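As structure tokens, the structure follows; a few thoughts come after it.
By letter and in written order, the chains are A, B, C and D; residue numbering begins at 1 in each of them.
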């Protein structure tokens, strides 16, 4: 096997794995950075979106794109309801109360999905155009991985432009930096949070569907992958979109390479890498201030 | 002191209820399955099999009446299963214990079963040495050594493979599968060139790096074991997406990578896979035909039983046999176990027998291939049948199955 | 020497002040503190069929108590406390499984020692951080240990664990009973009592007071010259040792040990138990463990497939309506309804 | 009388490109009542942080009673007698006033290490804390949670904690900041009644307070020492007026 193809395989595989984590986690980073809200139930939104997408395709014969849109907006809508009626009450509470609340929410989601849909695993049926392999010239690679990498890049770019170029993005950045200051400048932080929370949850829902090909989808989803989402957010830095993007991609590629060459190490690498990165940069790659 | 009193009370209660009651004698079966947690998706298929048996073979059960008391073994770590076992025995005073999907559940409960002196039928847990842990354990499911050993043998003999890469979930069944495959394959002239631990039994890992590594090593076959469930689909999809078939690598495994109830969801990627297992829903025997027909009638045309269902079906059949053999005194665990030693049964999976020495199941293994039928659905056809396969781990006294010094 | 005293010419009798009196009396035993132990003994006689569950309950209380020391008193938010529970469990389990050491009491001390070593070493590195970073570092450290235990399956039994551990009789006399778990229960209750007395003493000591100070305002503790880092490390090590005892006790009462001793499930559950009961309150561990485990256990018997819904609702409701967990809710209610009267009586007319 | 308690030599601190404190030579005499003034961002708080060991200096030395303490940790400096208050309250908000002070006293007398007997038995600690509260007229709220007190009283607790350390050098960072003027006098009264042998350095914006309290004033601007003298000298110094006293609107908003 030639070296170029080897390296390309590693990079593409790692980027695809990292992209999935990025799409699901980016919302968590922003909401935690913005309000300091420890939303462990973020994965539950991803699961909810994933179920919407997969069920829409399998049972209601939606197309892939339409199902993705449904997943995004459906999850965002649900999150707005929960945010207005429940999350809102806990903004000023301690982080441990938030932990209790969001873990309880995870249980409710797990039980709800198990009761309504059933405990079994759901399978995503990719459209024919996205399955199989794509020839890139120097290497033929899994089409869906390349599709994911491109989508992830577009999303990261889109969010970054929103943050840097728009009014609302500026407000978000100001609030992440210093909430009290932002409030005194007349920014409606509550409204801002509802919007970002909805958007972040919608992204999670989208990620739940897009990532189902790799992560699978069953009622245990919010607990199974919680650690990975938290790792990406903490290594990336709270409230930093670009940080989370880099963290997801770096961890994805490094973990992929190490697993490929040293499979006996199992999951050790991801944890060891996280510990090393956090000891070196306790506030994350491009972390703004904590809390 | 209080211990003795309780034991006496328990004995009184049991003996008082047992013999020659005029109406149907009630037999309490404590059923321990994970109804929540990672194993939750496996339980319904076993529950359904147990319900179906009682409906279909009601005549067999008479004059007894089975009362099933269900308990949730929760996360697959043995903790809840052990407490469940203890309370079913002491509080509910059940006559028989059944269930156990995950091996740690059966392992943790072993001392309780031994002390409780009741028959316990393992309906799924597959770690080979479990039956050594308590003289009251009887297993109607399988061990990984049974299927993987045959697969290793046939990879060399039937597929004429010279080299193999093994990818396995990094927990005891996975290691059993690896050991069995490797032992049989290498004793038949093959060579396992790499063994890749591919993640744990919980979260589905990204199989791409593992399969990428396997692909780069160009083996004749890739042998995979993952727990039946969410991971199976990811295995088959990743195999297809990486173009490994085109690269001349045959995917093989135990039947766990093509569970019957998930087969249709895998799509065309699954076509051509070769596996060894003791059951598939397409098996051509009268018991299975009746079983499938009844299943689809009861649970819908799209519903399919799988090997876990058959393990539960056979387990209940074993309990009913022990009931008759002991004339209702199934709560005498030693007698119940004795009555099952050498027991033969025509199961939907073909003829089975309980090995009198090990109390483990002896059964047929089938070399299967997935194909697309004329109905547009995926099916499995049997390429070869291997009769009366014993658990090779105990037969060869290897590793953890070797008698402890 | 003391500025204040030298100037306090008019300090007639500071002891007479109710605040001082309250502080001096705070560590004294109150009548209701006997209740948990009476309940524990009553449980033994009333529910002989549930003693296995009772053992799990006691182990969880002890584990939550150890976490309370770190989280509730020193303010160390960790999601990796099962690392120490698991260390203790594996210490006891491996010693017993290979027939090296089966005497239960000394084995627990060894478990405490092993866990303390891991706690001290990891604390030395990790406790410099705070917040989400600390949370993730403790979690990842635990995951590393878990993976190490999995990779060393030849010795640890991996996922399946080490089965049927031989445990010697307590005091050489009382055999563990695998079916009714009565000996185990009393043994566990005794261990819990000893550990509780230790923790209670610690919490009301000047050391415990300074830990509270660290939780309340770490910068201020630095500014009054407290060796904060050392104190937190000492506390973390003690907490780890107690968690190790809880883990060892778990291995002994269950006669097996497996990977679940080290997992995120266990670490998260104990955190929830403690928050639910009320952290930093000593008895929060008791209340939380009893409510959580009893609900989980009995709800699961009635609704094997749907009990998580009930548990989830409870957690959400407590989080929404009871700051400081169930004990916090109790305190708030007491202050509102029951407490006014008795407080007025104690304080006399000076209280505004 | 002219004995020097605290001294800095060429003390500097940078944050990246920003020089927050620049080459400061400063002396605080025993029993001094010294005010440190300067516009916002002049580096006053950073200077205090360097004196107490919160931050290490990038250059220069700190001497306490002639002894070089530059390399010492904050805790060791406290043991040698440097105490401070913060510009923003740093209190144990969930604890009672008495406990707040007790924790400080226990730390000073070395009781805080003890694990195996109840804090309530250290009546010496409680007595001392209680006596201190009486001198500061906080005894009647000793039982109250700090978070329940009005802000002015909270500032007083902040002061009480630092006094409980029986310091030789006391650094007060805007002790009356944020306190309504109706209440600020209780704090100033308390400061005035402190033992005479303590050397006090007070950061203050309110010139009335400075005049009432300080016998010497140092002006800091842009991280460097700008002027030093008696309050009267400083007041009549035209340059000081330009750079600092000219910022009247800021003062008004702040005080």
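Operating definition for what follows: contacts are C-beta pairs under 8 Å (C-beta built on N, C-alpha and C of every residue); 3 or more make two chains touch, one makes a residue touch a chain.
Just so it is clear, the structure is predicted and the values come from calculations on it, not from any experiment.
Listing every chain that touches chain A and chain B alike gives C. Distance between Cα centroids is largest for the pairing of chain D with B. If you average the Cα atoms of chain A and of chain C, the two centres end up 34 Å apart.
Averaging C-alpha coordinates per chain places the centre of chain C 39 Å away from that of chain D. Note on chain placement: the centre of chain B and the centre of chain D lie 73 Å apart, centres being C-alpha means. In chain C, the residues that reach two or more other chains under the touch definition are 150, 305, 307-308. Taken residue by residue, chain A touches two or more other chains at 110-111, 114, 119, 264, 266-267, whereas all remaining positions touch fewer.
Residues of chain D in contact with two or more other chains: none. Pairwise chain contacts in this structure: A-B, A-C, B-C, C-D. Chain C makes touch with chain B in their complex at residues 45, 48-50, 52-53, 56, 150, 153, 158-161, 163-164, 177-182, 254-256, 258-260, 263, 265, 297, 300-301, 304-305, 307-308.
Contacts from chain B toward chain C in the complex involve residues 2-3, 6, 35-36, 40, 70-72, 74-75, 77-80, 82-83, 86-87, 89-91, 103-104, 107-108, 110-112, 114-116, 127, 133, 170-172, 175, 200-201. On the chain D side of its complex with chain C, the touching residues are 52, 54, 74-79, 83-84, 86, 90-99, 102-104, 106-108, 111-123, 125-132, 134-135, 139-140, 142-143, 161-166, 193-195, 198.
Interface residues of chain B facing chain A in the complex, by the touch rule stated above, are 35-38, 40-41, 43-44, 170, 196-200, 202-204, 206, 208-210, 212-213, 216, 229-231, 233-234, 237, 240-243, 261-262, 265-267, 269.
By the touch criterion stated above, chain C contacts chain D in their complex at residues 1-8, 10-11, 14-15, 17-20, 22-28, 201-202, 204-210, 212-213, 216-217, 219-228, 231, 347, 350-351.
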